[in-house]
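Scrolling down, you'll hit the structures one after another.
Consider the two complexes below, in which chain A is the common component and chain B and chain C are the respective partners.
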Partner chain A sequence: MAAAKRIGEPVLEVRDITLSFGGVRALLDVSLEIRAREILAIIGPNGAGKTSMLNVINGFYHPQEGTIAYKGRVRQRMRPHEAAEQGIARTFQNVALFRGMTTLDNIMTGRLLKMRRNFLWQTIHWGPALAEELEHRVFAERIIDFLEIESIRRTPVGQLPYGLQKRVELGRALAMEPELLLLDEPMAGMNVEEKEDMSRFILDVNDEFGTTIALIEHDMGVVMDISDRVVVLDYGRKIADGSPDQVRRDTAVIDAYLGVAHEA
Partner chain B sequence: MEIVAFLHALLVEPFVAMWQNPEFLLEVAIGGLLTGVMYSLVALGFVLIYKASGVFNFAQGTMVLFAALTFVGLLERGFPVWASFLLTALAMIAMAFVIERLVLRPLVNQDPIILFMATIGLTYFLEGFGQIVWGGDVHPLDIGIPKSPLIIGGVLINEFDLVAAAVCGVLVTVLAVFFQRTAIGRALRAVADDHQAALSVGIPLKNIWVIVWAVAGIVGLVAGILWGSNLGVQFSISLVALKALPVLILGGFTSVPGAIVGGLIIGVGEKVAEVFWTPATGGAIEDWFAYALALVFLLIRPQGLFGERIIERV
Partner chain C sequence: MALAEMQTRSESASAEAADTFPKLLFGHAVQRGDRRAFREKDLGIWQSWTWAQAAREVTAFAAGLHALGFRRGDKLAIIGDNRPRLYWAIVAAQCLGGVPVPVYQDSVAAEMQFVLDHAEAHFAVAEDQEQVDKLLAVRDKLPGLKAIVYDEARGLRHYAHDFLVSYEGVQEKGRALLAKDPDLVARETAQGKGSDLAVILYTSGTTGVPKGVMLTYDNVLKTAANAVAFDHLTEREEMMSYLPMAWVGDHVFSFGQAYVAGYCISCPESSTTVMTDLKELGPTYFFAPPRIWETILTQVMIRIEDAGWLKRKLFHYFMGVARRAGGAILDGAPVGFKDRLLYRIGGWLIYGPLKNVLGMSRIRVAYTAGEAIGPDIFNFFRSLGINVKQLYGMTEAAVFLCMQPNGGVKLDTVGMPIKDVELRIADNGEVLYRSPGVFAGYYRNPEATAETKRPDGWTHSGDAGFLGADGHLRIIDRAKDVGKLKDGTLFAPKFLENKLKFFSYIREAVVFGADRDDVTAIINIDPQAVGNWAEKRGLASASYQELAALDPVYDLIAGCVTQVNRDLAAEPHLAGSQIRRFLILHKELDADDGELTRTRKVRRRIIGERFKSLVDALYSGATVAQVETAVRFEDGRTGTMRATLKIRDVEPAGPLRKAG
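And now, the complex of A and B:
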């Protein structure tokens, strides 16, 4: 596969992460790496700790134990703001858009960190600040083109159907020009056609911009089709890590999903 | 018979009086409109903070008082108006920093009720602190806003009210442009919509909170100057905040236009009710009109005129 050749060194490594909430352990001693320019799928039954892992990576959750190495720095914990500044963007399982704002404004929020003028200038909204705004607007339009959402540019996203909201959310993440893109169930609740569109966008992003992508997905057909590597979590532990083919045949994985003892 | 006479006085005579003297009705309404402008300004401060941080800031009224006290204190020490305004604005910005650092940051992710109680504490602190620094006397405030009555088209209007309306109009326009057109305004709206998503695109919540508290402080300063020019700067100004509560219920806690329209409706409503229904009820309607109206709204439209629909997800 052509994509496999481009895959490079790990860009992000989590080591021995343990995360618990009170007495509930969400993650136990999980280590995994995300390699440059790969599409990594994190799968597992409900409650396996997949979303918790994304939250640890972008700093929403702070693990009790373990480290996160990213861009040559080893940390105990990430902070959301720092993660965003360092090129980590994400989407959410239940679509976390700014519902009262238009598609364009939502995507423009993704440009905030790229804006140089300080807020006094922005308040004046004149001269250099206006020029900068226009420059970012052009970028936002490119994303709108890319995701084929021209017609809903001015629509408040709260009024959009779910599938389109997911697309706008991807657009906002892309506006950050991320190096690492975390997608939490990008295709949940979509019909077949929408899933195909979304798969195509994810592959295109990975291909055209070389963006590293880690995604959580339940649709195994999609996972096997688009990912270079699959990590399987179950009850907060990592039970498998490998190519889609390896994982598909892994007995521990089959057990976790079917929940029955099987015979060799 | 007595009941009929009472109902007649309550339901017929006021409207007859309005019909017979429409200029007078207009004057009363305009007078109310301008009280309403000031309610709006106080309510605006609440909305700004509530939108961006989900905190119901009980201290908003005290912030108005504190700003007015600081402003008048500086004036009395010989600073010119513009310098007093600037220095007080800076003081409000500094206060926003301190509040974020000492009150909001340690309580981040706590329940709204906890933050609400913290702002009650803040109220008492600011009242005491204001008195320590500036004393507890009533300060007259005159920054040269003309107060002479004008006759426009046969209707008597106080010049001061016109100035107040103009100031409010400019302030709201500036805020609207700031919120709708600038990147920082976009960030503010983003935070108001979804904290987590805002964090994920790298909006620093802490800075946003400082900005909204500072803006609310400056809006409070403007409100304080206008109220103070009218009534003198005294501790009862902080009670104006109580009138802002029905305004918020009417307009919706999350809506800037709602705060404005709600303030105007209540200002006009209570003045008209006071003037035209006093013969029937014996007066003092002004004191409870706003609350009664708010009660009706709570029953029929709890999200207010412009508020977001309240949808509870389980």
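And now, the complex of A and C:
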């Protein structure tokens, strides 16, 4: 359908990461790269270390060993807000929105990092501060239009069904104009129709804005349909890395999913 | 007053001079160039275009179409939600002597292919990626299709097809062509005349494959002008365009009448924001099929039930006052001083704020048509002081045949014939008519045309009805659907179904009885209303199927059926067709499964075939019925649903059979 898109050089390289919590090893010697403008899926059975991987990438967790290079800069530690400032946005497995605020306000919070006027100016809400807010409002409205959530613009998100909350959360992440978007189970708990909608939005985001996307997902049909590349984790190790077709045929992956016994 | 009258007269005079839509458009651009003609909400803000701006947009697009090779007689398929640009595409095609063919935007690819193929449309304007994808899916089977113009570019960037052009791209081509040949569009427009074909509207097909109804400019404009005069519509009306553009209702209300009267139409932000947009807009002229009035009422009632104790008490008290006095005050009938005073106070406390929330504070005239409307619904809106009236019409008549005049509104009629319309009732009860709106014929279907437009000069409506002593027409059913039970008792299924559907708990109903011993029904409950009802009683259900199978829900529906039977028993010739048995279906009837038409009318025959096992069980005396149905999901995949349904007997009210 679409012409081949230009997948570029790696924007993020994770090298030999090991992460443990006390005696539990969440990630063991994992290396992976995320290339510009691709959709990368990270899959694996429960407890394989997928969410830990995302948390390492955006600075929630600090690995004991290994390095992370983002846009050429090698680092070992980064705080979440630094990640956000450098263009990494994410959504969460359990929706993390401001439940009492409207859809529009939630999306506007995604613009906070882009606002230049200080708190005082914004309190006065006049002149340059007003002009700036209008500019951000227009941006938020574009996202609302993009995600087709016009009808819930003024609805407090706490009243929305789960599928729509997920969409609002994606909207807030998009409001940050991210270069790298991390999605933690964007389709968990959705029905077939909602999943299709969400898949289309993810593809459209990637297509329209050239956003690089790394996502965790359990629905294999979805993963195989929308990803350019798939990384498989199992018990904290990377066991496969390749195109959806390669991964589907990989014996190690099949074993991991069918539950072959692991030696202690 | 005199000034307004003069204005209307000069308007109707200019309307007569301009015998096509393009001529009207350019006329408006001169006479009221600075008046708003189109509005659309985009990115949360209402954008608007004046008649002069619209004329420029249309000219550029028409010239662009010409540059693409669109010529006199070519058909332009138009597919999408209501948007100014798509309305402009209609006139742009007409400027060049072409014929617009609006297509239902929720058609699946195969339905779309049928219409484009049958209409021989070589050009299409599609709103967005969704519509373009459907066209591309069937492009192999449409060898004649030369170009697809899209309005919304999102997601289409990587579509490398040279027959795919953007709306702006077409307008740019047009402007380049106009730079060389500035009179092109004016010259082409001047060649059009009133007797030319203006539009082909495909009927949604309650009966088999869709038919392309050809309407001339005279059909649409003369009928629209008569209807505009009937309600004294002016250029100051505000109207929301939100019904499918392929439906004649929208074509006449948001296009025909808007061009005749010169009023502004507003397109909602999306199909899901209509209610909010309606509130912001506050239309003065409004048209909705009964289903939408019903949805609005249901939402109001649900919100009232959830409101605080005081609000609920006030609402119910003053709605009681409104039921007594509201309709009469609207009709100008005498009302006692006390009720008049209470109604005034109610207007202050309840009706005013409620109408404001619904966006109905400014409505002067509103219509409902297409199906019968429930008495509760109709009376609710009228008692609030909203002037909802009924009309009778059809695509083949460019809509307007009968309309209810102010002060002559009745629930069970569809009004009196308007100016230039003649009615006659055939021996079998069928309504026949003659009017300036009588269509030119069905496109490429002379047999069907000959069946409808008879040589004696009368057009057959297909509806059975009768004219009352008051001159008002009453419709009972489709002429061919009026059947008889085995013993010869009159059986009018739609009449019964509508009576059932008047209950807010029943969403759809299909009754059977033709050539049978008695009447039975398959019921679809309204999940919102029944769900709410069940929740209040602490009845748990996880799905429609579970809800539909609950015993208390069966009791609830049995109560409704009994009420219908009581009404039927009161009418001597219908008393024999009381409903004896019913069951509640385990799934909602769905247009995607072919059980409803796109305008949500039930397809009785298809339902009868699909649920044959259920119909058989209804007549076998069994207490349960097994059913297995194939369902089609929105993505085209299919699956099966299995269920065991209970059957409930209902006692007839009063004597079933006529004595003697």
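By definition in this document, the second predicted complex is superposed on the first by the 254 of 264 C-alpha atoms of A that agree within 3 Å, B and C clash if a C-alpha of one lies under 4 Å from a C-alpha of the other, contacts with A are read in each partner's own complex, and residues count from 1 in each chain.
The criterion applied here is as follows: a residue touches a chain if its C-beta (ideal position, glycine included) is under 8 Å from a C-beta of that chain, and two chains touch if they have at least 3 such contacts.
Small disclaimer: the values here were computed from a predicted structure and weren't measured.
Trainee: With chain A superposed, do chain B and chain C clash or fit?
Mentor: fit
Trainee: Vertex at chain A, arms to chain B and chain C: angle between C-alpha centres to the nearest 10°?
Mentor: For this superposition the angle at chain A equals 90 degrees.
Trainee: Now for A:Tyr61: first (chain B), second (chain C), both, or neither, which partner does it touch?
Mentor: Neither: A:Tyr61 stays clear of chain B and chain C.
Trainee: Contact-wise, after the overlay, does A:Glu208 reach chain B, chain C, both or neither (first, second, both, neither)?
Mentor: After superposition on chain A, A:Glu208 lies in contact with chain C alone.
Trainee: Which partner does A:Ala84 contact after superposing on A: first (chain B), second (chain C), both, neither?
Mentor: After superposing on A, A:Ala84 lies in contact with chain B but is clear of chain C.
Trainee: Under the stated touch criterion, which partner chain does A:Glu193 make contact with: chain B (first), chain C (second), both, or neither?
Mentor: second
Trainee: In the superposed arrangement, does A:Met108 touch chain B (first), chain C (second), both or neither?
Mentor: A:Met108: touches chain B, not chain C.
Trainee: Residues of chain A touched: more by chain B or chain C?
Mentor: Of chain B and chain C, more residues of chain A lie in contact with B.
Trainee: Just to confirm the value: shortest Cα separation between chain B and chain C in the superposed three-chain model, in whole Å.
Mentor: Comparing every C-alpha of chain B with every C-alpha of chain C, the smallest gap is 17 Å.
Trainee: Going by the contact definition given at the top, which residues of chain A touch chain B in one complex and chain C in the other?
Mentor: On chain A, no residue contacts both chain B in one structure and chain C in the other.
Trainee: Touching chain C in the complex: which residues of chain A?
Mentor: Residue list for chain A touching chain C: 1-3, 5, 138, 141-142, 144-146, 148, 150-151, 153-154, 192-193, 196, 204, 207-208.
Trainee: Which stretch or stretches of chain C touch chain A in the complex?
Mentor: Of all residues in chain C, those touching chain A are 42-45, 154-155, 157-160, 269-270, 272-273, 276, 633-635.
Trainee: Would you mind writing out the residues of chain A in touch with chain B in their complex?
Mentor: 58, 60, 80-81, 83-85, 89-90, 92, 96-101, 105, 108-113, 115, 119, 122-123, 125, 129, 133, 172-173, 176
Trainee: Note which residues of chain B are touching chain A in the complex, please.
Mentor: 177-178, 181-187, 189-190, 192-194, 196-204, 211, 308
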